[in-house]
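Shared chain: chain A. Partners: chain B in the first complex, chain C in the second.
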Partner chain A sequence: MSNAAEAVPEVINLSAGEKGFVDEIKALGATHILDCIQCAKCAAACPMALAGFPFFNKRVIQAILLGLKEMLLDDTSIWACQSCNRCTEVCPRKVNPFEVMQAMRRVAVREFALPTLAIEGIKSLYDVGHAVYLAQAHENRVKVGLPQKPPSTVAHPTALRELQALLEQTALSDLGIIPMGKSGVKESCEV
Partner chain B sequence: MSKIGVYICHCGENIAGAVDIAEVKKYAGGLPGVALVRDYLFMCSDPGQDLIKQDIKDGLVDRVVVAACTPRTHEPIFRKAVEDAGLNRYLFEMANIRDQDSWAHWHDKQGATEKAKKLIASAVAKAALLEPLTDRYVDVTKAALVVGGGVAGMFAALDLANMGYKVYLVEKKPSIGGNMAKLDKTFPTNDCSACILTPVMVQVGTHPNITLLTYSEVEAVDGSIGNFRVKVRRRQTYIEWDKCTGCGACVEACPAKVPDEFNEGMSNRKAIYIEFPQAVPKKAVVDIAHCLNCAKRTFGTQPRIHSKTGEPILAPCEKACPTGACDRSLSYNPDGEIIELNVGTIIVATGYKVMDKAPFKEYSPQSPNVLTAMQLERLLSATGPTEGEFKRPSDGKKPKTVAFISCVGSRDKNHHPYCSKVCCMYMLKEARLIKEKYPETNVYIFFIDVRTGGKDFEEYYTYCRDLGIKIVRGRVGAVDELAGDRLRVRAYDVDMAAPVELEADLVVLATAIEPSPGLEELGRRLGITCGSEGFLKEVHTKLYPVETPVKGIYIAGCAQGPKDIPESVSQARAAAAAAAVPLTAGKVLVEPLISEIDAEKCSGCGLCVPLCPYSAIGMVQHGDKLRAKIDPALCAGCGVCAAACPSRAITLHGFTTAQIEAQIEALTFSGGDLNV
Partner chain C sequence: MRVGFFVGCNTAFNRPDLEKAVRYAFPALGVELDDLEGQSCCPTWGTMPSIDLAGWCAVGARNYALAEEKNLDMITVCGSCYGSLAESRHKLLSDPELKARVNAMLKSIGREFKGTSRIRHAICYLYKELGPEKIKEAVRHKLDGITIAVQPGCHALWPSEVYEDKEEDTFHPKVLIELCEALGAKAPYYSRLLDCCGMGGMRSTDMEKSFKLVEKKLNSMKEEINPDLIVTACSSCLIQLDTAQGFLQKDRKINYEIPVLHYMQLLALCLGAEPGQVASLGKTNVQSVVNKILEG
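Right after this comes the complex of A and B.
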């Protein structure tokens, strides 16, 4: 995790801001970003602002409005968003700040600006169907009388293949961030 | 012996919170002449007034002292109550134990209580000596003067004229229209300013009840409500306006170049000029200071005769003029002419001036690409120096990045501590006009905070954000000139919590709204003061917003403080309504609280004559001597003469020497310490 001191350069050069960045973000789902008036209500509700991440919701929005794409890509704060959606609940302007976070993540993924941890999560999702999956938990499950594997994709190879087939159809597979192709499904969605 | 009733008001907690009412009540009861004392939560309420009325009707009191708030707002109410109960309205006195006591000494309850006693004692002492006085009425001249021909002045004039009153509209510039005539579009509707203003100007110019006096200034004002005598100086135009048709032929011909005020110095005009294309009246004036006197044609001289042709050698303007309005053989009085007007009421609507950029050294005012918002307004206007084409002054190229800087000179103790109120909106408007016409332009607005209060304004702001106009919160610290005519704007973005800088092609300064030059002097002539910020002061911000301390003189528009167009128009029409009241009534009440000279006592020294600020005193023949005499219609009751008269010949009714001395005595000699 980067700290504020390295994330924020001494002087931000607005002239170097990327034109059209807002439109890109809008197209990626943050449809209402221009309605933000920087009132900071979302930041007041955000756990990641509390945790001290430099680019929390409101600040991410301002950076996007100013076209400061590089600066956002250099920092991993956006991955710290807990998807708790509190910001979306409280925003008085219906900006849907969480969607902004999501859109920014989409940009980051496209630009390969994602932290190792995020890559591991995606790989795990593809491999077992869970972004976070502890194989060591099997023993504990047995101890408390649960089946070794949960009744999810982990225990159902067909379901897992379906999921993998779906993921292979997404932009993620084109980017090649993780190796894919295990499902063996090519052009059709039949598994 | 008089029977004085003392009525002490609690004013809710306002007075009772600091003054021990019970103690004061007891004290007042012991004052000489006091027949009874009562207290009440709100004396000005109906039940409060009924207390007084009942006591008068019951024959218990024949003089009334109310100890309460300020006579400024409440004296008329109580005088009326006294009168309704059958007593002369001047047998009433007020002690201000709120504004001057409980409010001022809120944390010193003991002191406030003692002071209340003193103030009441003083009022009671005066009340004992009050005499019944009779109100008088003076006839009102059914005409009005409006000073200032901007949007506020025009609407005030039109309303009064439409009510059937004669209106004189005095305007400094050659044409009416004011600042609004310079604007391109107007928020929040983005109407074209000229399109909505020109018809109003034409209405004013052609109204049978309105006499337009442009290129004129108020020189002196005498008299008082109902009968003001006004001297207006009509500046010399050096053109015979009766003959001038506004064809502009002379303007075409004139070679002299002078920075054009109407275009905020962004282009040149000629020495002979018509202020702007839609001017009303559309007449030429000669700017004598810049006239080249071509062909040696100074005014008032006969033309030289051409040796070969035998024709007179005329100046180009003169030669071009098809009607002979521009005739340099005529000798004009450079001082213009004085016009005397008699009016019943006056409205002052002298507008504002946009602050110049020069004092803001940190923003590179020397750069031609650093403009004031008013200059940008001209640049965007179809009648402006570029015919509405958005070009930057240094090289005529279309700016790619524009930065607006807010609060330039406003909210700044070095210049104007107040908020100019309209800048946020006009910046958004100008930014919007640019962005709508040239969507690829980068537009940044640096705000301290965005103030867009009121109907349709927040929506306007949101719309601008949606257009992609970038808002940076933080006051700009510097604008530096870079090579290639570029400008670097440096600020601190509060939302990014980081310093930012921007390279811009054009920087627009939202400079402050200032009082018009000479407003203070005009105020002095009219007897109205300006506040510390330089705008004319209304009597009461909330309840009497268009009234001034001088009865019969009203204010409207930016002369009173920064305002946008809708507000200026509303206030102008309010002022017109207020100014019409005395005109409609046909007579005004003159309080008898004025001075009178006892000719027998007067020594004829004449000392009082020059002292009277209302020129109410003259010397008249009395028997075989000259004696001072006061014209009651003009006397405002200020008392300057009474205080100055060495023979004690002057009585200010309602404030006689005996009454004042009794008050002083009560304040200084009657028991108790007054350490407040």
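Right after this comes the complex of A and C.
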């Protein structure tokens, strides 16, 4: 019966896990990942688990411990993390599951497995100094009695240049995921 | 009293009526705002924090440097800005190696991060520095007879370890409730009060799953306390709860609409601000509740 066969979950081949993956994650900020005992308090508090994303905090940690890097890169769950930090608040082992999520994202970025919206947000951050930006916002700003531009990098080219000089010293410049050095203000970006 | 106003992206570009409300309410209560000219994005979670830990902290540290040069703390009405800036500061102050690395980067632009200025959550700042009593005395319009569903927002609460402004019990928050009560409203408990709004990364990744969370939350509010108004402490929660309702109505998931305001907008209205300036850019219809407020 084909239906019954489809209902059998995929068997994970543990020997296919990537050795040393957990060390990479530790080096990228998830210092205490090995303290996780899979008690699932983080999962019980996680909005991603409630919303139905397959790789919420507890499962991300277990997948990393098993070296299942490709499986995590194939799924978009890690980008749905709300950074709400309930997991960090309730973890009895001080694992800081949110740091694990962030470290996993840093791996994904190195592998260019990041969503288009994230790239747009980064480009917008570099181009205008704001990850979320709406060029047409000036109309609404004026309507409510504010200046066309907020007092940020948008209104201060020297400050924007400062920010860009900082960003040019980060991993962004090695990755080459956005054009740097030439600034062009884009129309909008809502992340 | 004087603080730096960290405006943040969503407030400046999506909901400038909220920015206007902040600029009205704080001075009306005797708190002077400094613009911290040249500030940037905090930066938020899906960008630098997801790419480069030191790079994230460097952008945050540059914003802090602007406040430190003026010897000011910063306030923000955005949960993401509060969370990102509080966390990057905590990391810088607890990791000397990271701080040295970030300061080496900042030196190239003639800045330095010292760690003398703090990021404050605007709502908690009101609660701690002014207090519900002072607010109660200052308002011109009272909210008698109005029921509010509060949405404190994740980043006002967790991780409490890194926050300057925190609740006594983060899983039973009371700051926003008491501040709404100070205006004369009722703000009863509902069972999904702590639930996430689903904005941010979740909405960008899967809008359907994100809206499913909002639907659960809205139904909990509607069925349990039937509020006149939702009041948030976070600009992201404001945008999500305000905009999601139209989509949910269109998909026949909900058959009601609850107006949504950020607490700063509600406060500005109660202090006498012009509704067209401080509460005019939302998708939900706030007119009837604004009329009620002005009558109070």
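Throughout what follows, the second predicted complex is superposed on the first by the 172 of 191 C-alpha atoms of A that agree within 3 Å, B and C clash if a C-alpha of one lies under 4 Å from a C-alpha of the other, contacts with A are read in each partner's own complex, and residues count from 1 in each chain.
We adopt the following convention: contacts are C-beta pairs under 8 Å (C-beta built on N, C-alpha and C of every residue); 3 or more make two chains touch, one makes a residue touch a chain.
Because the structure is predicted, anything quoted here is derived from the model rather than measured.
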Chain C versus chain B on the shared chain A, clash or fit after superposition: fit
Contacts of A:G129 with chain B and chain C, given as first, second, both or neither: second
Contacts of A:P150 with chain B and chain C, given as first, second, both or neither: second
Touched partner set for A:A118, first chain B, second chain C, both or neither: second
Chain B versus chain C as contact partner of A:A51, first or second or both or neither: second
Per-residue touch tally on chain A - higher for chain B or for chain C: C
After fitting on chain A: smallest Cα gap, chain B-chain C, Å: 20
Chain C-contacting residues of chain A that also contact chain B: none
Residue ranges of chain A touching chain B (in the complex, touch as defined): 8-15, 19, 22, 34-38, 58-59, 62-63, 65-66, 68
Touching residues on chain A, where the partner in the complex is chain C: 28-29, 47-48, 50-53, 76-77, 79-86, 88-89, 98, 102, 105-106, 109, 114-115, 117-118, 121-122, 125, 129-134, 137, 140-141, 143-146, 150-156, 158-160, 162-163, 165-167, 169-172, 175, 190-191
Chain A-facing residues of chain C, complex: 7, 9-10, 12-14, 16-17, 19-20, 23, 35-41, 43-55, 58-59, 62, 80, 83, 105-106, 108-109, 111, 154-155, 157-161, 170, 195-196, 198-202, 204-206, 209-210, 212-213, 276-278, 280-281
Chain B to chain A touching residues, read off their complex: 401, 442, 444, 450, 462, 465-466, 468, 470-473, 490, 493, 495-503
